[in-house]
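I'd like to ask some things about the structure below.
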């Protein structure tokens, strides 16, 4: 099978190259870069060049243009491009390839909400309905037949996996407060003073707090859906911490009184067993809070919790570039094409 | 004036040595270490040795024992010792020197609460009433005449400074949720696998969440006092992030309806002006969330906020080893002895 | 095939668990720890537990004792134990299993040199002659039939791979000066103040310089051999830098006049092609200096060079825990048992 | 006294602002930025704003243009600007103010050598002769009356301080090999992908090796001078390591036979005592290799050595932004204007 990666020189593109280089059902890869077409992959990413070599015969080991990639007729296209640009660049592939879009361009169905978050209306409103939200453990059935899969953001993935079962089964009473810690790669590979090593090491802080981050409405719409059409009062506050890769999310909410009465560790274990018992990438352990390193380099999400009266605290970790981006994109491809769900992906974290 | 530092080879002791080496009212310093008495300071901390040399004539540039320090009759003693050990080691100094204790041994007045947090009753219940809680900006008047000052913990300092004025003026409705990020030096200089470079770099996570951290009751008692004898429903969750030094605290609470009606940036500015207008170490800015680097190496606390309806989010940063420990201890000494409050301390952060 | 890992809870042991969990010829793994036998692997290393689970049926997912591992009759034993301890603990396996020893206990054949470096004579002088030095790209033929393989140190591996072909073909005139940078994991997982996060972050420096590091004689004996029985004048100076994993080596030497006359990039390319043309893990590129990240997590060594008159500079990078320890150990097993040399190992670095 | 800082928003400019904010002889500071004139300093650098406030009355706490700074008639001007730009921007100040230039524009007197290193001839050849090379411990006498001081580079400062006395007293036989490790701030505050946190953390490597780095000729000219007009065969290889601030230099050279005969620790101690006995910022200790943290934030250089036959290894550390840039610039001002040499500077490193 042939795959094209649009935006192959960014961080999510570079991870996709690594993952697909070991994927046994991907034989040829077009690494696409508009600005650097023609350049040797070796110069871009010497680390991965050798492994990839065997799969880039079609392109002579070079970065190619979108036109060249289109001509290759790839069965699957991964768009690892900036928001607002992705929907445009992907145009030649819609309808011809399965498109897995890692940008935000198809994540929010409501054009008004989208415009508020991203400053302009969605580029392709005509495709919003067809796009499936690729949170694999929740929308697996829809993904199986999707032509356009909108890969979730890293913050939404880490926030939603522990929360959705809780809201579906127990509901919520009052605010949902999410505090998230993210590694710096979440900001992408853009040359910006704010992301320099010297600015970020020995430094941490919150940004876009409460209701002001672009991922807040993306999370909220899924929480509303989990509540069966509710209106979640979500406070989401991201923090930058000096990690290359990694994400930790701490959530607190109150359960409705009746739901809280039977709340204990056994109930939490049963809850996650019901929702994720057959999922290879979600693990939970009420007895040990997860560390971001537990899942470094893997596609896993690890969950824990703490019960205090009817307040419930949830803790979850992912690798923001893998389960939070490129790994979940590959998982989406695996589900869509009927491959083994774990093919090309790791379940355990690196040391 | 003569000062003794008990526990001079730990991180807070090493910072105290630095701060006092530049303090114009401290002429002689006894650096005390029970386990390494007699060792050259140069071997312990070559960085600070030169500066300190001139002030350690009395000890020949060596670490000394508690007995030797006692014989020096220091006017002020800084105890930078482990919890449960400090109150014992300080015994010869009580009543003879002003003791500024950086441990938790005198922070919690209620023996039952203390025992729950620290696993045994307070060593010196007889001194609990006399000990003044050394949160300088709040208890300055009491500190001026104190014989025993209990220096606050780092988490409480960073949490309480933004919160106390809010609770005193506006009150609270419901839960107070605090999420804190701390650098690794907060764990002290103990050889432990969990604090190795390899374990903590590229890693982050929550620990002791909700109501289970030892600093939770220390914070709660001050919140209760700020509420005029209330019972704050406090959820405090610390997180370890890979910083050497630094601390960030994100807080969310709801104000009572009447208080919330007039809430705006101007009111917040006035609030902090009222409480901290004459304090050299507290700064606030509603327009910019603070970063831990803003105060790295300084004794300052920087505060910001975000208002969403009647929910209020607070953000604060300190250097956990300075305002969160050794710097505040020096500030306490400055207040106690009538020195300039900023003597020996910095108000701005290092790059 | 069954494998035992002695010292499964140290860093090299933890990496071995990861690598073997994906190795298709290893079906059962005994994770051995004298001090923690009986403990759940899950508590030791939650990241790798899931993957490993299927291969630890024999041990019920628990750490086992040396006796239990002996009873399993493993075909291969990896000893990831401290120097001077390894040769003792491995005793029951010699002659019964292929032993791959990651310690220094069999690296130096000359008992006098060994004692000078390690403070006591080799524990098992009777086995020194039989032990094969497991530098795979150099001693591959001997490894194929070895019963005891002495896995090289990380510094020697990174230093020798670029140098040996140069010395064999060109010789040397005068000093060989090697400066090496190492990540902190090279110091192992021992609780020591010197390896705490706070001590090592924002810090770097040389240690054991010139002829005083234990790896100096290990490197020297191989250089002497490459010179056909010469006496290399080796200055080796390691430096600690704040990496979790990674190693970079910068070497400078002068070639004999006649050898230097024809020295150019083409000759260097030919040289390495001759020695490493069929090796999957050695790559070279005269046009780009390698970065330690190029090989992070992989078993590869990347080499470059710079020619200045008859002075030659060499640059090489490895992951100290993989090619410098556990990965080369697996590579040794692959060669010894006739498996694909790359089985279970990566050739490209992580982002 | 009034000071102007040209390039106040780069790293060296930001450090200068901090140092001068505490300098007792500087009353007014013009923080100059061509591109951001008019912007509040508070937005640029909230950490230092408070301290600086009292000294920026003249500018209303704002960044000013070069013209505005010229009108202030500052007694001293610090130019913290990019190479090739500095000599141009400083034009209005030459002859009117003492100019301390932190760029390379006046470091190399030979226009041919300059052009080879920087790609174009020096901008102001007319001033090259008048410019004094501001290596304080070596050219102190010249600095006292200089109108234009060319502040040395960070690599040259750390390399030359241990080497110059050795070459002056003992000479050298053969190559001088310098390997240097530098923190990332040495690359300045330019938005460049190569300096992003994600690119530099968990990464290290050599660059511009041997004779190809721009600092090689700057170092060589001073070594030649120390040899009394010799031609030093210098190999200088810098390495980037993931520090914010810090620099370590490891040097090896052979002494001439006669000089080597009496070489021992005592002789080295006497050597440095002779050259640096009255210098507050140079410390040496033959018994302990320096760590970059020893001098973090200070203007000190710490030196050690190791003798092996007639080979001598030298080790030195500085803070690249302080003694390697802004601190030495202030030290130059102190010497030039007859202030206490340590005024505004620290001799000990931060924890």
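We call the chains A, B, C and D, going by the order they appear; numbering starts again at 1 in every chain.
In the analysis below, a contact is a pair of C-beta atoms (placed from the backbone, for glycine too) under 8 Å apart; a residue touches a chain by one contact, two chains touch by 3 or more.
Note that this is a predicted model, so its numbers are computed, not measured.
Peer 1: If you tally the C-beta contacts for A-C and for B-C, which one comes out higher?
Peer 2: Of A-C and B-C, it is A-C that has more C-beta pairs in contact.
Peer 1: Which chain's mean C-alpha position is the greatest distance from chain C's?
Peer 2: B
Peer 1: Which of these, A-B, B-C or C-D, gives back the A-D interface, meaning over half of its contact pairs coincide by residue number?
Peer 2: Selected from A-B, B-C or C-D as the counterpart of A-D: B-C.
Peer 1: Using mean C-alpha positions as chain centres, tell me how far chain A is from chain B in Å, no decimals.
Peer 2: 39
Peer 1: In whole angstrom, how far does the Cα centroid of chain A sit from the Cα centroid of chain C?
Peer 2: 36
Peer 1: Using mean CA coordinates as chain centres, what's the gap between chain B and chain C in Å?
Peer 2: Here chain B and chain C have centroids separated by 45 Å.
Peer 1: So which stretches of chain C touch two or more other chains?
Peer 2: 11, 185, 198-199, 201-202, 242, 244-245, 290, 293, 296, 351
Peer 1: Which bits of chain A are touching chain D when the two form their complex?
Peer 2: Residues in contact with chain D: 11, 184-185, 189-193, 195-202, 242, 244.
Peer 1: Can you list the residues on chain B that touch chain A in the complex?
Peer 2: 174-175, 177, 179, 181, 198-199, 202-207, 209-212, 235, 237, 239, 241-246, 248, 250, 252, 254, 289-293, 296, 306, 308, 311, 313, 315, 317, 351
Peer 1: Taking the touch rule as given, give the residues of chain A at its contact with chain C in the complex, in rising order.
Peer 2: Listed in rising order, the residues are 11, 14-15, 18, 21, 46-52, 185, 201-202, 244-245, 283, 285, 288, 290, 293-298, 300, 302, 321, 346-351.
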